[in-house]
Amino acid sequence: MLADRTAEGSLHLAHMPVVSGCQESFLFCRPPLNYVWRDRKLKVMPTVTPYQIAVRSLLIGYLLVLVVMPIAAVYAEGFSLGWTPFWEALTAVIAWKAILLTVKLSVVTTVIQAVIGTMSAFVLVRCRFWGRRLFNSLVDLPFALPTAVSGLMLLTLLGPQSLLGSWLQAFGISLLFNQTAIVIGMVFITFPFVIRTVQPLIEQFDLAEEQASYTLGASKVYTFCKVLLPAVVPGIIAGGLLTFSRALAEFGALSLISGNLPGKTQVASVFIYGEIENFNTQGAAAVSIVLLTLSFLVLWAVQALQKRRGIVT
Amino acid sequence: SFTEASPDSTPASDASSRSAETVSLTIGGYSTIKEEFEAIFPLFQKQWKEKTGQTVEFKQSYQASGAQAQNIINGFEADIAALSLEGDIDKIAKAGLITHEWKEAPHGGMITGSIVALGVRAGNPKAIEDWADLTKPGIEVLLPNPKTSGGAKWDVNAIYGAGLKQSAEAGQPDPAAAKKMLSRIYQNVKTLDKSGEESMATFDKGVGDVIITYENELIDRIKSGKNYEEVVPPYTIAIENPAVVVDAYVEKHGTREVAEAFLDFLWSAEAQRIFAESGFRSVDPEIAKTYANQYKQPASLFDTNYLGGWDKVNKELYGNGGIWDQIVAGNQ
Amino acid sequence: MRSLFILLTVLLFVLILVLPFLGILAGAGAEGFAAIYEALMRPESLHALQVSFIIVLIVTLCNGVLGILFSLQMVRGPWLAGWLRPLLNAIVDLPFAVSPVIGGLMIILLFGPNTLLGAFFENVGFKIVFALPGMVMATIFVTFPLMIRELVPVLTELGQTAEEASATLGAGPIRTFFRVTWPSIRWAVYYGLALTAARAIGEFGAVLVVSGNIVKQTQTATTLVYQDSIDQNLVAANSVALLLGLISIVILLFLEWMKKRKEDQLHAH
Amino acid sequence: MHIEVRDLVKTFGDVAAVNKASFQIQNGHLVGLLGPSGGGKTSILRMLAGLEQPTAGEIYFDGKLVNPIPVQDRGIGFVFQHYALFKHMTVFENVAYGLKVKKQKRQAINERVYELLQLIGLEGTENKYPHQLSGGQRQRVAFARALAPKPRLLLLDEPFAAIDAKVRKELRLWLRNLINQFGTTTIFVTHDQDEAMEVADDLIIVQKGRVEQQGAPWDIYNHPASAFVASFIGESNKLKAPVALQGFPELSAYRAGGEWQEGTQVFIRPEAIELRATHHPQTAEAGEPGKITHVHFRGDAWYVEVELAGGMTLFTYQPLHQEALQAGDSVSVFIQQLFVFAPSDIRILENRSRKGQRRLYVYPTTEKRSGSK
Amino acid sequence: MHIEVRDLVKTFGDVAAVNKASFQIQNGHLVGLLGPSGGGKTSILRMLAGLEQPTAGEIYFDGKLVNPIPVQDRGIGFVFQHYALFKHMTVFENVAYGLKVKKQKRQAINERVYELLQLIGLEGTENKYPHQLSGGQRQRVAFARALAPKPRLLLLDEPFAAIDAKVRKELRLWLRNLINQFGTTTIFVTHDQDEAMEVADDLIIVQKGRVEQQGAPWDIYNHPASAFVASFIGESNKLKAPVALQGFPELSAYRAGGEWQEGTQVFIRPEAIELRATHHPQTAEAGEPGKITHVHFRGDAWYVEVELAGGMTLFTYQPLHQEALQAGDSVSVFIQQLFVFAPSDIRILENRSRKGQRRLYVYPTTEKRSGSK
């Protein structure tokens, strides 16, 4: 046995990860200190310079006017007539069904995106093949196209006059004016989100971790499921959340291909549009509130959850 | 330029605009009327120039009828509102922007007329002749959503009215029978697009066997070479589309004179002929006669008054929990 | 196995992205190249493109500059301690969840001439709704999260030591930002700008509501496409849509190319 | 620059990272800030630099209170653990940065940069980017960058932590020479006592935010002020339980039954232990009987473990040119000196049976610093 | 497991990272793979693991060719430089991973994991995530994870490179004991010769993709097979130009005018240099006259530089308990031994004037490994 040479000095094995000094930061935000003599001692009085006040109020103002106020206005409008009309607007069967349908299909879309987005991200990062860079820049295309155009495009593409449409019709498959169509539209519109959030995580992934798994006897599939996938889960979740919110709110593309049959294929945003057209902004806002609140809660919950698990995205 | 969205928005410009070289007129129209208006503008500009030496500059916006009415109420300063539904004009009036009795104008303030008709594919393969044919199983019907489209209200009114008429043949007009027919047609609806134009666009993509729409839309398409046929059911409704000067904004812009002149011009033979050319039924009986052979006449044409007027229709048919809601709710 | 996945992905991309885009291409080219040119050179097209361009410019600039400031504060602002930071974090994403139509409507309800705020601005001769300012506001609302979502992780990852090093060498905050921080976040900023621009070009619902869609005045390229498409003017609609799509593809391809160049530079040694 | 720190405190939330630390540093000295992880070394350094504001306490540079002065204006140089070179700038631009900030003339900048590059032995790399350099080279660029504006105080936060052992040794000697040459007051943080010993004029030992001891390496090694310092600096055998050791009658005063008194700790440095094979002529002298349990070759010495009759195990080093011992050999263990840290007093006990014959430590010069001719 | 490597080659593009390396490793041995950066150590290790395919050459485990066998099936354990722990798994899950892959019973897994956690002294941390552990703790988890499936070959790639000096020393002794306990054949890569010396049974010195020498640390230190090994392992004074040294008549054969012959290098280990104050009685013996130029305290010894009459400077270490020297003292320098590497031969020269009196190195045991009782 070794002598007890470790003594005391060496008990300090614990060198924990150093907390980087984010609390105190100097770029644009460090509060310069005022030193004040009081009680015959130097006291520190943190103050904020006019410059910082200006920056902060600019930012807060921007956020307030352009983001918070419109969102607050939705709430104000929804409750403008009090609780009862708000409640009635929601419990109207058609409104309720539209909300349910939208939430349901948004969830389906999110799941689909989680799968195909993750796969695409992996292929785009890990595999070298012809056209990879082109595909990589095509990913954001759905962002750039006017959503109404996207809808029209899908309508043309899947309609009975197109090759694809007629071919599908021969098999008795219709991809228009049903829930499948809505999901197709949602998937198209939200295509970039998961890919774009997962990509950097895969790029950063430490190859050694994967190799460690092989050295421990794990197969490729096992390694993928147990090591790689969990590492990109925060990205999938973040991208999934954005997908979910965006799918909830999509209007332009869906209104053209969904069929809009109230209670069957009408999504919430189309319902909202109808209410606006009918001069019922309160009803429209009420439905919006439900969707907004839902996605706000989901966003917050997931953030809290990740924080608790110590994952920082 | 677009940066001065409404150059005459300041009161100071009131006086100056009268003597100015150019006067600008803002048109808030519903989507269908765009082409016809664009054909009429040059004619009016020419006439006004000759008369006053002023150049008229048109600013135009076309949206779904309800949306346009809302925009005008919310501050879109249109001098002239040309909408699909009387009701939409009434809403503007209710907001206090129209103060004169607009229905006292010529032709009750209506500038165009039409009827609700059925569009079918070339050769009418599904043999659609009447509303009842739309209830057959397997028929795919296209209809815009009356909740989002002004035009669709005419369509639904037509079905409902036809239902009443048919039951009246057998005795009393029976709201229940009318509702049942509407409901059965609704069951065959493939897609409820949010506007008449979108519905037409969907039909153009090859979707659906039959579309319920304005006669003029169909005539226009067929003229431009589409392989459709128009079917006019025995009972259908007469459509009337109003146009009106928005008092609040013409006062503000100081454009009342030219706005009223333009409105009058819309009722002139010249303008009415242009409407008729593109398939509308003219409100001017003379012109209507000249173009008569362009239209198929239904056995019985009724108007909104047959259904009790727009107020009643809006309440009973489209109001909260109204017949339309019941049908939609009952069909889930 | 690997090639199977590549195949699947390529298939997916072709189905979801390439095919629709080719659809537009075919639609635009149905009557030949001259028709595309003609459609694009119509006065209303030119004007709409100009409006779109100006909106994109202003929005990209505003969201760019303020997005950078905002991200800096989100990551480093000491005054955002405690509950404020997560709250802001959630708020930033909210505009995605609001149907653009409602977003636009709310701007009308807030700033329309019938409201307190709107009346005030109207009195000083500044029209917001049915004019450019409102359209810009609506577009900013819709594109707000993009820049921040792009920048925040980069800033977090970057840490602060290089900035501190700069300060110890005597440099003030402004110099430090431009000489030290900026080169490191440049790519994220470009990417954020590109996405913001792309989304701003493509925004439809909110702008339609706020603009009033006044021809040759507040009509943007997107609303023009919509109008053309319901007016049966499919070639024109597809031509403008094609142009919009191409612009954003070109922006993104350009970025991709620049990035590759930078990577090559890095790996050359 | 003369540095004085008075009652410096820094708290993060509830944690007091630095807790009433006070010390002074003479102009031109090279001081090692040494201590276990989390001791507050980095925090002290960052407060000196102005990168962090003290919660309480004052910092004086040449007698002037600098607390309110921002980083930019303190005239310091700072070398970060992971270099923090500007990635997108060439070596030249990195080194020139501080000079450009001072708006020096292009000509003057060029001269200074090339002078420094030559000094650090990196001429010819001026157009390379940091990612094209090895760790040691990057470290040197970081030094040059910090030195370029001629700071009057140089602060180094674990400058060698990320470099491998061999290169590290060279760099620290290089640094020592460099600093001697410029005479810049320098404070450097390290975990590694060998490093500190080799380079520093003075050491400041920090633990739990407090200054435990300040002094020349020699003093700290030979006169540790606390049990913590004794165990942290240099290797030592800690005596867990009291045993009767010949020549140390004083030890019995610290016993309480079979244990040391509460709070008492006793250490023996390995070099204070002498081993003699039992058959050796000198064995007669007072030594404990012991048995070798483990011998290991350590390059320049043998690492030896010996078990005393009482069951206690000690380790020591045996020079290569002394007679070789083998596991199992019986030896006589002679302990020359030990440290006692008791609540009542701190003592260095010399073996009485040999007193006066030979002193273990003889200080070579009268100056504190090692001489250089 | 017995390992044999024959003519292993690995090229990356034009670069031959490994160039015809051959060696054998006995079952149960702990072997240090040592060499300068870029020498090919990692490449060899990765080929043994199967993480890289050799360009040419064969690898045999227990006489069986393993080239075609994929990583998963080689039954090895690998510890990566930066640990490569699974970030999203707890300590328990990390350690259990290899066992789960083998589809062991939950009960058996639990037992094994807790046994290992106890062994590495991390009981109670099983539910922590890697980012909540210190560097040393993470390293130990990485060991436990690699050991859990009872590999017959353990490969470690610079396992301590990212840990600070103090912790590093402890960890390597801990590792040594652990491996002794299990008897697993182990190869570990390091830059750091102290580390290798302290831990390994056998060293393999690799440079530029070639095996320069293989042998016990003792042999390699005392009988380096090349100038590279002599300078790489241990410290040495390199004689730049020939001087006449008393007691080494053979040296004159390697001179060519004022220079050494082409390709000849001469080294003196610091511990082969003995310094005596000139007034010392033993000085009569053949020593060079010299003068102390520099003395520095190094914790457990004095670092001394001495200048010989011929202008040559040598460094050596002086134990603390010998008489203290000071800069400026005149001394007699006695060189006991030197290494000569010439193209024609490699020789270890002993000082003739003292030959037979005292041998510098005496090997303590007949076994190669240091004994442990």
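Labels for the chains are A, B, C, D and E, by order of writing; each one numbers its residues from 1.
Going forward, contacts are C-beta pairs under 8 Å (C-beta built on N, C-alpha and C of every residue); 3 or more make two chains touch, one makes a residue touch a chain.
The structure presented is a predicted model; accordingly, all values stated were derived computationally and were not measured.
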**Item:** Chain with minimal offset from the mean of all protein Cα atoms
**Value:** A
**Item:** Pair of chains joined by more contacts [C-beta pairs], A-C or A-B
**Value:** A-C
**Prompt:** Cα centroid separation between subunit B and subunit C, in whole Å?
**Reply:** 36
**Asked** In angstrom, rounded to a whole number, how far apart do the mean CA points of subunit B and subunit D lie?
**Response** 91
**Message:** Using mean CA coordinates as chain centres, what's the gap between subunit A and subunit E in Å?
**Reply:** 52
**Message:** For subunit E, give me the residues that contact two or more of the other chains.
**Reply:** 134, 164, 166
**Complete:** Flagged in subunit B as touching 2+ other chains are 67, 198, 201
**Complete:** So subunit A residues touching two or more other chains come to 2, 9-10, 12, 14-16, 21, 23-24, 26, 152, 156, 273, 276
**subunit B residues within the subunit C interface of the complex** = 2-3, 5-6, 9-10, 26, 28, 31, 34-35, 59-63, 67, 71, 74-77, 195, 197-198, 200-201, 204, 221, 224
**Residues of subunit A defined as touching subunit E within the complex** = 2, 6, 9-10, 12-17, 206, 208-209, 211-219, 222, 226-227, 230-231, 233, 310-311
**Complete:** Counting only contacts in the complex, subunit D reaches subunit C at residues 49-51, 70-73, 75-78, 80, 82, 84-88, 97-98, 101-102, 129, 131-132, 145-146, 149, 155
**Request:** In the complex, go through subunit A and note every residue touching subunit C.
**Result:** 20-31, 55-56, 58-59, 62-63, 65-71, 73-74, 77, 116, 119-120, 122-124, 127, 129, 131, 133-150, 152-154, 156-157, 164, 187-188, 191, 200, 220, 241-242, 245-246, 248-252, 268-269, 272-273, 276, 281, 284-285, 288, 291-292, 294-296, 299-300, 303-304, 307, 312-313
**Item:** Parts of subunit C lying in touch with subunit A, wherever the complex brings them together
**Value:** 1-2, 5-6, 8-10, 12-13, 16-21, 23-24, 27, 62, 66, 69-70, 72-73, 75-79, 81, 86, 88-103, 105-107, 109-110, 137, 140-141, 144, 149, 153, 156, 159-160, 163-164, 167, 173, 176-177, 181, 194-195, 198-199, 201-205, 221-222, 225-226, 229, 237, 241, 244-245, 247-249, 252-253, 255-257, 260
